[in-house]
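Chain lettering (A, B, C, D and E) follows the sequence in which the chains are written, and residue indices restart at 1 in each chain.
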Amino acid sequence: MRTRHGLTPGLPPGTLVAREGAHVPETIEVIQYTEGDVREERVASIADIADLKDHDGVTWLNIEGLGSVEMIEELNNHLGLHPLALEDALNTHQRPKADEYRDHLYVVLRMLHHEDEVETEQVSVFLGRNFVVTLQEHPGDCLDSIRDRIRTKKGQIRSHGADYLMYAIVDAIIDSYFPFLEKLGEVLEELEDDVIAQPVPRTLGRVHAVKHDLLKARRATWPVREVISGILRDESPFIGETARIYLRDCYDHAVQVLDVVETYRELASGLMDVYMSSVSNRMNEVMKVLTIIATIFIPLTFIAGIYGMNFEWMPELKWKAGYPVVWVVMIAITVFMIVLFRRAGWLGGSEEE
Amino acid sequence: MRTRHGLTPGLPPGTLVAREGAHVPETIEVIQYTEGDVREERVASIADIADLKDHDGVTWLNIEGLGSVEMIEELNNHLGLHPLALEDALNTHQRPKADEYRDHLYVVLRMLHHEDEVETEQVSVFLGRNFVVTLQEHPGDCLDSIRDRIRTKKGQIRSHGADYLMYAIVDAIIDSYFPFLEKLGEVLEELEDDVIAQPVPRTLGRVHAVKHDLLKARRATWPVREVISGILRDESPFIGETARIYLRDCYDHAVQVLDVVETYRELASGLMDVYMSSVSNRMNEVMKVLTIIATIFIPLTFIAGIYGMNFEWMPELKWKAGYPVVWVVMIAITVFMIVLFRRAGWLGGSEEE
Amino acid sequence: MRTRHGLTPGLPPGTLVAREGAHVPETIEVIQYTEGDVREERVASIADIADLKDHDGVTWLNIEGLGSVEMIEELNNHLGLHPLALEDALNTHQRPKADEYRDHLYVVLRMLHHEDEVETEQVSVFLGRNFVVTLQEHPGDCLDSIRDRIRTKKGQIRSHGADYLMYAIVDAIIDSYFPFLEKLGEVLEELEDDVIAQPVPRTLGRVHAVKHDLLKARRATWPVREVISGILRDESPFIGETARIYLRDCYDHAVQVLDVVETYRELASGLMDVYMSSVSNRMNEVMKVLTIIATIFIPLTFIAGIYGMNFEWMPELKWKAGYPVVWVVMIAITVFMIVLFRRAGWLGGSEEE
Amino acid sequence: MRTRHGLTPGLPPGTLVAREGAHVPETIEVIQYTEGDVREERVASIADIADLKDHDGVTWLNIEGLGSVEMIEELNNHLGLHPLALEDALNTHQRPKADEYRDHLYVVLRMLHHEDEVETEQVSVFLGRNFVVTLQEHPGDCLDSIRDRIRTKKGQIRSHGADYLMYAIVDAIIDSYFPFLEKLGEVLEELEDDVIAQPVPRTLGRVHAVKHDLLKARRATWPVREVISGILRDESPFIGETARIYLRDCYDHAVQVLDVVETYRELASGLMDVYMSSVSNRMNEVMKVLTIIATIFIPLTFIAGIYGMNFEWMPELKWKAGYPVVWVVMIAITVFMIVLFRRAGWLGGSEEE
Amino acid sequence: MRTRHGLTPGLPPGTLVAREGAHVPETIEVIQYTEGDVREERVASIADIADLKDHDGVTWLNIEGLGSVEMIEELNNHLGLHPLALEDALNTHQRPKADEYRDHLYVVLRMLHHEDEVETEQVSVFLGRNFVVTLQEHPGDCLDSIRDRIRTKKGQIRSHGADYLMYAIVDAIIDSYFPFLEKLGEVLEELEDDVIAQPVPRTLGRVHAVKHDLLKARRATWPVREVISGILRDESPFIGETARIYLRDCYDHAVQVLDVVETYRELASGLMDVYMSSVSNRMNEVMKVLTIIATIFIPLTFIAGIYGMNFEWMPELKWKAGYPVVWVVMIAITVFMIVLFRRAGWLGGSEEE
């Protein structure tokens, strides 16, 4: 697991450095709406937005990609976003957190993607009096349903302010954890059968990988509860009474996510124990086979060895019945051994197994 | 274990969507009572209840099944239940919680069923000034004793208000955990003997299944304590002084449930360790058998092999006493080995075992 | 482990139901004392006590056995004990707790008995203005020393009020944990030697049993600290300044008990690890024996097998020195192997062991 | 591990009972000092000290041994030490704690000794307005440096009051933990090499013993932090501003001790895991040797067995080349096996090991 | 792991003793700056600094090495640094902490170095009204970027006071943890592959060493969060409003460090489990090889033994077909066994592996 910090040590705080290799956004997605009206456009620079300050509705700026320092600096110049907050937004290895600045509230959350392994993507949300700015690492997100609700006036979103929009974004991100967790849950279910049936190194590797994924998911989701309870507790002036009630509901969802993640973590470490036990059981089986075979044949081979000796005076060898008697003795020993093993429960078919 | 979230991501909050495949209630069970009077009926719609608002006693509406959106919407229209609370009631994967709204208190609890594995069922309880609404996923519950007490005027229930009814419902649900836990306790007791006597994969699977059940039971019961202490602490206006004293008692029961669940969890993880130890012990036994047999017969077979060689000059072969002497030597070695094994405590019958 | 809840689900709260199979008390032990005077009697009914209310000293009622509902109901009628508290007193699976009611303080503690396995017995203590009521499950307790101090005016008990008597009872119960813990400590000490010397299933069973006993002891003692600190913190009106100072000392004892229980629990789970390691060590030893025997004799047997072949042209067989040379080779191989094993530290006598 | 409680159950609280077998002190060490003057003497009884009450400097009474009840009672009579505190001082199994009484502060700490195993010794410190009383179980302590500083006026001790003396004593006891911990650290370092190199039962026993010692050390040191933070928080009237600053420094040292103890505990349980892994590794090696020998020789012995058969018609036996060909086949099989084992990394010399 | 405490027990507190073997600083690095001006010099003694007290900008004294007591004493004399704080600065085994004294704030942090194993170095930071003093154990640090920013007036450092300088130093130290953690992360990644591929003792040793390093790193970084939150909470008069906002950001970084350290610790203990499982898997493989070889050849050798017996009457030996039939039987047994093993999934090539 890589946990790159992304900080360039030695720079003064608040220095905005574009992340190398980060996606460079070309345009900004702007959605402006009031109860009666909605306008969408894509602009190349924040300066291009006509009534950014005195629009009497809500303005939502969405920037996908963090590679353009100019765009970030404009956010500071035109909207007064604090340099420290913007620095955190560029450093894409933040823990989820909420910081209140004089002119805006700054919230960091992480979206989860599940490709080969779990990946997390940082989303920064700035909430001012009448605007919301979202910064994402890559294009593509889980916010389309919000755009849709704004466009079609579904639900209450158009009749509320910027705080409700921020709530809707936070809620959408938290809700997007659930399908993700369901997928992990299915992987765990599969593994549960496999660790008992096939305790092989590949299964061990998969258990280990799932534990990794859960660790990553936990790091992304664990602080979310604190973030929301912090916003609720601090009575931020940017959040009105209605949005507060909705955020409280959001808090319950965050707790539910944590609950599931912790349950999965317990299941995953339980799997490790079960794996170990299964390996031991398998080894036990192998040992039993060896022991049964060896214990039956070693004495028989010994008897054959006895009568393979070349002593001149060995009376049994002369007897006509010698050879059949040896066979009888050998069969008797074998039957006796098999009965013993059955009693000890070492042979399948015994009721103990 | 399935942990379906049940949320349809992308919907605006407070949107009421009937759960697919959920039980569709046809009628609502209505019980209205005052100290002197009690009336029971089943209605198809809340609008059918004559004196819902101005009944001067307590009205209890019980809805079994969450598949009818109309019925849920009526709850909002006629009783003023908050859409967010109703949305949570329909999403049947809530953690137990208590939320206070302006017009009512909303409490979520979970009932436990034990069929093949542990199942939990969500119960939503809405407490208003003079009514209680309960929503359950399926018909059938643990509240019959309350209905009985209302009908027969047993205990104090008829002489108290809606808050006492809510207390009685919460208490009945918590009390229903005890027989459930007792059953789990019996399963654990059985397993305790089995892990030592029969450390086979089937037993391992059962231990693992019990740990699963306990995880589920813990998720359902753990938050109950917080729920009740939250209600007590927040001094909700819907709960009077008497009901408060009774809820405090209820809190003690909830703590007792947690205590038992945690104890069982410790026992269950102890079982895993004991299982591992038992498997190791068994393997040890198998190894001892193999070692005893091999250690006795391999040297004997070697001796037989010696005198099976075909060298022309092997004086022992000519001696008449050769053959008997070899037997004597072999028996001596066997006796010597057995004595050694007894000393080492490898043979049953030794006082060490 | 049995953890019967003892609740009959479905009964209204405060309903007093005698526990089936519980000991039925025939008389109540009454001790009334002032600084100058002491009177002891046994009565059949609380109504028989003459000056219960207006006695100007302390009245101590002790009931041994919970099988008589009449007696319990009299406690409610004559002394005003709250039905909820009495219900808890009858349900003998309470966690230790302290609840303050309007007319009295109600404290539940548990005594520990060590017969075959650890058993706990519930003791309910009710403290009113001038009386103390104690309810026990069975006759026989650890309070004789208190009776003695009252009778003989030893210590300060006769010069203080009911609160001091309650303190004395709580203190006596906590002190009775120490000899109990000492006994458990001795069992642990024995087991520590045994798990290394005799890692057999019986030892494993004993370790498991001790862990059980410690779980039970912890459930009985763990909440005691909270109980006392709760009484101290809530500044109950039933407890005077002097008794408060003594209870603080009692609190220190309770913490000491917890400390010992936790230490024992750590020791007991350490034992499990040591047991596993010992089993592994033993198996290692068994494997070494097998390997040494097999590794020495298998090559020798192979050599003997070679010269047991019946090829017509095998020149060695004709040599007179053939047989002695084979013996020399075999002895050389054996010596070489033994030296190797010594070097690897597999044979006792090596300095590594 | 012995954890004798030392309480005689059934005695009234505050009853002073000399501990059986405890060291009986014959004299009390008295040090009285002011900024300008210092006086040392040994007295048989507290009554012998002339100006105990009205000495205008600091009086330090040090009693080594707890066997004399008279001396303890005099402490109550002449200095007003509370009976409950004195009872605790005699019961030498107290957890470290600080209790404030009306006339004095009572602090319990434990000194650590490392002989064969870790032993702890209780030190009681009573701090009054102008006196300090220390009670130890045995003669000999870590306070000589303080006596020296008083005598030679080194540092600030002579210019401060009794509170500073108490601080100096507490500080000396905490500082004495460090050499002790360093010794334990060296034992752990040794064991770390041993568990990998020599995973034998003796090493296991030593790991277990170190874990015991750490448990004891933790029980003695863990509460110290709370003790000091309790004194600082409660703003005890016996402690002045300067002593408070010094105690804060002392608190940091106590935290440092805890930190080291916890780190050692983690190391010690890590050792257990490494031990188990080493044992498994060893067993693996033993198994490999057995498998290599058996896998090479069993097939060879089989071939020899084939040509030891006595069938009349076995053409190979007649061939002149038969015997050499068998040898060639056997050598080929051996070489092939060895190559296979090398590939699998089972033979030393492979780069994998 | 060495955890030398570095305290000389028995010395009065505040006694400054140079650490034996510590680096002896010859000169002090002095940087004095205002918004418009910056001056750097190296002096031998603090007394040599002209306008130490009345410089109207910020003075930063940096001392590398703790071996010179004179220099330390001058800090007390000229800058009023508290003797207790200076004693802690000399004792290089402090936990990170922040103590506020009357004239200055004292902060201890630790830098991490990664050579063969992790080493930590103590840095003491004293913040007064207009000066900052830093004491390090060895020359060389992570603060060059700050010196550079002061010299070149980069960022805001020159326009703020001493509190901002202290913030910058704390921030630089915390930022220096990130590359360190990244390196550890890479080691963990490597080990993850190795524990599955090569479960040999050397790998075990490396896992153990990484766990050690993480323990050390945790001890150095864990308290940092508390240190900063303590400074923020206590509203120290030495820290202005702006520096406070920047410290809050610093706090987030500290939390991020903890988060990574904890994640790594979980990964490292997971590695131990995976190692154990891999060893078990390997042993299982070894056992399978042994069992397959033995199970096939032992019965065959037995058959050969039978016909190596020398009975006079053994009809099979006379049959011409005897020898070929025996071969056919043997090959049939072998094929049968191999089919069985394939079914059981013991042979590579089966789809189960």
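Keep in mind that, in the parts below, a contact is a pair of C-beta atoms (placed from the backbone, for glycine too) under 8 Å apart; a residue touches a chain by one contact, two chains touch by 3 or more.
None of the values given here were measured: they were computed from a predicted structure.
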* So which chains are sitting against chain A and chain D at once? -> E
* Shared chain contacts [chain C and chain D, defined touch] -> none
* To do: Please state whether the interface between chain B and chain C is built from the same residues or different ones, using more than half shared residue numbers as the mark of same.
  => different
* Between chain B and chain E, what's the gap in Å when you average each chain's C-alpha atoms? -> 41
* **Separation of chain A from chain B, taking each centre as the mean of its C-alpha atoms, in whole Å** => 25
* Structure fact -> Two or more other chains are touched by the chain A residues 276, 280, 283, 287, 290, 294, 298, 301, 305, 308-310, 314
* Contact set on chain A toward chain B in their complex -> 142, 144-145, 148-149, 154-157, 168, 171-172, 175-176, 178-179, 181-182, 185, 188-189, 192, 196, 245-246, 248-249, 252-253, 255-256, 259-260, 263, 266-267, 270, 273-274, 276-278, 280-281, 283-284, 287-288, 290-291, 294-295, 298-299, 301-302, 305-306, 308-314, 345-346, 352-353
* Structure fact -> In the complex, the residues of chain E that touch chain D are 1-5, 7, 9-15, 84, 88, 93-95, 97, 99, 198, 200-201, 204-205, 208, 211-212, 215, 219, 272, 275-276, 279-280, 282-283, 286-287, 289-290, 293-294, 297-298, 300-301, 304-305, 307-310, 314, 316-320, 322-323, 326
